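By written order: A, B, C, D and E. Residues from 1 in each chain.
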């Protein structure tokens, strides 16, 4: 369950149950951090969840222990996403330090408190089948996509993690931004890229803002 | 979490739980209003919800605080929609005061107590892919759509807010009308517009009528 | 919220909660009837609901008050449909008294205790887009459909109410019949009409039989 | 609510609630049987349900009374299917006694304790629209389908009941077999028939094995 | 309910209820094992489940008894999959001992603690209808698929069980691997095979790691 390379990632979306124990939640996060795990927490908007925990660790047992401890502390886990960090086949030629940033990212980036997560899959339809498209065409679309993303450099940081075989979509996308409008901006602009317009399929979107666990919980009590 | 321009918007759809505290609900709305937030409330018809709150504020923290306070007051938030006010790319040339009305709307309009909300997305299908359609064609369809909407001027006010990347559909549509038949009228007529007939995809529809928070709650108790 | 013409309609599908108060349910229906509202009740078959209330009134507040009172009386509203009576664009030339029957129907018809409700929408697909089809073609299909329906005259009464913009489908179909086999008969036969075969999309079906509210409740208690 | 010809059918899928009353369940079934109703019960595998009741009676009131009594006895009805026995349009020429077996089947057949139920619908798609296909073509496909089914004679008994207009799919399929592998065998083989491969759309599958009500309940308690 | 050949299989996905009885869970598994049943347990990641039990036995009654006993011990069964071991039509010519391994597998393999399960179906679409494709073409695609799978030999063991007619998809896929990255690797690579790219349709994915029942339960308590 320990990965030889890269990190396991879980996004856990929770609601406060009537038996929420704030100290136990904080203790659960601290215990994970003491076990090689990075954890960031966000207050989320809307009915889907009250709080989001994103955790990255080399061993799935660490992630599972965090999940169990949060639940035991009174956080009902109502949605989640399981993925692993990856270097995509289109990024293989990158310099060593950039590959390393993808496999072992350091979160959160500074000055980007707005949080967004959504999963995505590439279509396999009669007229737009990503997996029946030659590598060179896929690679060209990925490069156009990357160029569009780079116009948001400084305003949005994105982390794409792989989940084919691990969860119900093929990738998880985590965005961290300066202003809520940046999130809408980058996702809207990218939707016109050929790779998204023709091949992208998107799951549920979660948005909110980063906060210390204790502060998020203050707005969660009953 | 504070927007540099425009307003954050949440539509919160709620049901009364057994622990509903009317005074706390009213206090939650008042606290939001004291923090630069506009809030309108509607009694809704059907099983999906009992009450709807639409809130607009420049800072997401204000919206999240309102959401938490409503829940703490015994309103179960069963559905929601997160968006931001926007000037669409097809409206860029409008006079300054009209752009301002879109970014900073004042709600509710007078004499239009019938409320409707639904989210929508433009299709990306093999034979009708909005995001692979040239700007000029999209612009022409948006203008036809706008002209159809204007035939309902005086009877229906509509506010379109953007949610690409923020929620599961690309736009939220809020309609306020004089008579329930106006809601059916405008949505039915617009469905024949090329932009809707070929490219529109619609989510769940919520309808009801505006009321003071206290009055809506009177019909919500157990 | 009061309609200038026609009636607002809600179909409310309920299950008995543990706190069902039979007298309060009957009182809720009586109060609505005293406020210009027609109400018919049906015992329904299957897990989706135990009881159905169909209510028609000129003012949405009457319908919302009934809904709240039923819930307060211990009926969990688990599904619903919101629509308004209408004269469709294909029926505009009908004699005055027939138009009036559609806008102000009197329910239930005699000797037709079998109840059926389902919502429907016309497709907007690449090869069958109702809203991109010329009026004359649509009108011809509606006439074929009407002729098929008339072969069930005397055995089935149908009421089509409009819900574009008001609920998640475009029309609600209420059927009242003499024998359960008539319901299957008319819906099966009509499915071969061009308008249904190519353009019809159907939601959940609810069936049961009309009964006095008190009698339906007798089978609902825990 | 009493059918002039044929029988009403409900499949009720239940889970044991904390208030399960075994004697009341048995009494509910006995009362139905005393009212012209056949009832067979099955223990089901998997999370969807613990127990299945299939009931056939000429009057819907008998079926609704059984449903209410089971719920009152502590069986939560979590899924269901409503249909009626029928002689399909492709079987009209059959000998009288065979038609009669379809309208008034006697259940269960001997030596076939393995139970399966699933609903199905014929597709109405651009390239495969059953309801826009000429009768002769449909009839030929139904005959191929019947021939395939007959190769399982002695191992599988099937009962097809009609539900267009009565429930969310057009037919309910009940299979009773000698060995679980027979169920997989017949459904897998038939999927290659033109009528299924091109036109069949299938709902949820329920499987289990027949048992006396009391025996099924022994495995249901909490 | 006893199979003449092969084994019945259930995957049961559970969450700990407030009334979890650890000893009763262990006893339920032991009782099944004493009745010709193999059981493997896994701790699962994410909100869908806390624990997974995969059980294989020649008699469905053994599987049903296990399911009931687990529920009675306080494990809420929230999802499941019913299938049977099979020798597919593309594997008929294999040597006797290999056929036997498919009908009577021995689980778990050594050194492969990472667990994954997902169900799948072959598409029946206008342009990609598996069941209307000639046997030779299907066979060729299955062989390409098998060759891709064999490149993961030593890192991933897969067991495909048949469920046409038994559950909502046509096959269940159980993967056991050395490292989480192997699961993503094999499923991602295979998605480019013609048989998957054009014809594969996948359900929910569950992942976790094998553990003794007692150890899994330690992280499940409330």
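We take it that contacts are C-beta pairs under 8 Å (C-beta built on N, C-alpha and C of every residue); 3 or more make two chains touch, one makes a residue touch a chain.
Model, not experiment: these values are computed from the prediction.
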## Note on the structure
At minimum, the number of touching-chain hops separating chain B from chain D is 2
### Query
If you take the chains that touch chain C and keep only those that also touch chain E, what is left?
D
#### Entry: Rigid-body rotation angle, chain C and chain A, from Cα fit (steps of 5°)
145
### Task
Please decide if copies chain B and chain C contact each other with the same set of residue positions, more than half shared, or with different positions, and reply same or different.
different
#### Entry: Interchain centroid distance [CA atoms averaged], chain A/chain E, Å
28
### Query
What is the distance in Å between the mean C-alpha positions of chain B and chain E?
45
### Task
Enumerate the residues of chain B that touch no fewer than two other chains.
126
### Message
Applying the stated contact rule, could you write out the chains in ring order, opening with chain A and then chain B?
### Response
A, B, C, D, E
#### Entry: Contacting residues of chain D [partner chain C, same complex]
1-6, 8, 10, 12-13, 60-61, 63-65, 67-68, 71-72, 77-82, 84, 86, 124, 126, 129, 131-132, 162-168, 170
### Query
Contact residues on chain A for chain B in the complex?
43, 45-48, 50, 113-114, 116, 118, 125-128, 175, 179-181, 183-188, 191-192, 194, 196-198, 200, 204-205, 207-209, 219-222
